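As written, the chains take the letters A, B and C, and residue 1 is the first residue of each chain.
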């Protein structure tokens, strides 16, 4: 946790789209093993931050470091290979494949991609079942993704990121679209697994209850800047923060 | 500047003008309908055939070769006004919702059909119409005689370029076309009748291709295979200039026209290769073409 | 797909035996196999969402490689075909290194451009390539035997059939490997593949090179079968025909393009013989009818629901 050098470090990130400054000098440290929540109103630049950290966007100014190594400007593929996995605000899935096939590909990407063997090899299928069970999706193996409801798609997106056995996991609203009963059951299981495996997690959230229950630290975004940062109890009691994110809480 | 080089540049300008006339319709149709019409060259060829037939009729049967000019224009209007709506309504209409590959195949099938239609209607023998070319005689340019007709072609191309720019920026129809190109859903939400817009845009594109063919007919022999040759040259122009960009088509046509002429002047064996070399070089450096726009996916 | 493969096997066996009774069919079938191989390459790329309108480059390269070689060295058919494949693989690698950066219409057009450069060179350099007249391809030996033209034609068909079956089997297996499945995934979400750490460009390059090798094998085969090579083999219309055949035969993954090629060659041969200037019209009309009226099932390659032999059923 804190005290150890940061796993991910963003230094003074700046990017502008047309007239909008989506990141106005963002600096943030993410420490090994912690669960950091990112909150803030829509359009504040939270997803842009994830895009910048994973190489989908190149900052005009600033740097990103992973375990002390410079990763600014590297493509997403290279960063993924360095142990960073991501789930998206709009689930990025292979829409002509089934739930299982999506996950099998993610698992193959992790290991054995260039081998002359079937995608559906038994050990991989078993691992896929285990991952799906973790997220409550074990009964939906053969469902074509195109027919799956939003909540399932979101969780599958998360499962695919987990399949990479990452050091750093970035989740963008992981439980949006998931029903309230499901939400905490899934988060309980997920967070327990992440903590056990020592995975560092950053997740963007709109549900303050989720943030309160699971986050070790919170960073608040507003208009491309970090408004506040710290433990959930402190940050969520901060009047400036409440004013900024009011209307976002469910 | 040596006389030969000057002539080469002039030839390049003329050739580029013809290329522009053909290609601008293709790029415009892509811009509005988002379909790359492989049969575009066939409309060029049909414009040429109809132009020659009408031209020969007025020259030989009516005995007035000066009427061949309006005859050529009439050919373009006929092809654009008749075939344009027919093809749009009965073939393209079913292509809009389909995957890109199928759209390409649909227009490719149209190309195949029109190739044979040309042979069936006009036969396989070559056609010549040189009255429009001869009537205007030649002018002295830098001490060298140059066919006036070819200079007229340059003027026509310029006129079309300016006319299209005015159409798109200065008229209500043009603004609607631009809106549809920029954001189709928004335009429809604002009440634009997409069907009619597509029909008009496509017919205009076809008419322009036919105009190119008709105006080119006095300078070439009209025979089967004309459309197939022209279409790839048009692709080259459009790719270089940027899909959907009218000014881009002008730049692309000029580059390729001049490039080819200079090749004829300097390295004659490579003249046919130049258009494609230019295309490859431009696309390698700027994949979307010189004036093309890049679309980045938001995630 | 069990019932389907049995039917397919039956049809294939009947077709394979026909040339024994009608030798001229052997020629038609060999051409169908040749174009089918090229179309198979196109189909592979289509699976990944890429259309090439320029595989005439490889088809022509394979054909001319055979023609040039036979001018100086009387190699056996088997070696000639191998040479054709290697030519395609090499050219495909060179071109693919550039082309794998592009997608969509730009990929299609750049392929077109490359092939037209090749076509123009073939047509222009008369003294080397025979220009638009082309080059005659004398009948080579086959497996060491010198055969008369008719017998050679039949034997060539069976050799081609064997090669096709072997390649088809290999490719079917390839499509079930992780790389093969990633190819299919490419069409729907390239970004996700990148985020999984998968080198998309390398996958595309691999498939592109394979498709080039298939096309050049087809070209070499066609060259030997016809006995003559012409620049038209590299013309954009030929490239378009491969795409046409791939789509026509859409169903069923690997066997599809060969069904399409067979239909194509049969239509072309008969239309050519009986209705002079209408074979293109017929082909064009056929494709339009197929696209507009055949139910979704045929277009499994293209965005409509895919049947990959396993119907997805909810529990």
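Annotations for the structure displayed:
In the analysis below, a residue touches a chain if its C-beta (ideal position, glycine included) is under 8 Å from a C-beta of that chain, and two chains touch if they have at least 3 such contacts.
For clarity, every value in this text was computed on a predicted model and none was experimentally measured.
Taking the mean of C-alpha positions as each chain's centre, the chain lying farthest from the centre of chain B is A.
Of all chains shown, the one whose average CA position lies nearest the global CA mean is C.
Chain centres here are Cα means. That of chain A falls 43 Å from that of chain C. With centres set at the average Cα position, the gap from chain B to chain C is 32 Å. Chain A and chain B have centres, each the mean of its CA atoms, that are 50 Å apart. Among the residues of chain C, those touching two or more other chains are numbered 191, 303. Multi-chain contact residues of chain A, defined as those touching 2 or more other chains: 56, 92. For chain B, residues touching at least two other chains, in rising order: 299.
Remark: chain C residues 46, 51, 53, 98, 101-102, 104-106, 108-110, 112-114, 116-117, 120-121, 123-125, 191, 235-237, 240, 243-244, 247, 277-281, 283-285, 287-288, 291-292, 299, 302-303 touch chain B in the complex.
Interface residues of chain B facing chain C in the complex, by the touch rule stated above, are 36, 38, 91, 94, 98-102, 104-106, 108-113, 115-117, 119-120, 124, 228, 231-232, 235-236, 239, 243, 269-270, 272-273, 276-277, 279-280, 283-284, 287-288, 297, 299.
On the chain A side of its complex with chain C, the touching residues are 54, 56, 75-77, 80-81, 85-86, 92-98, 101, 104-106, 108-110, 112-120, 139, 141-144, 160, 164. Listing the residues of chain C that touch chain A in their complex gives 173, 176-182, 184-185, 187-189, 191-200, 303, 305-306, 312-315.
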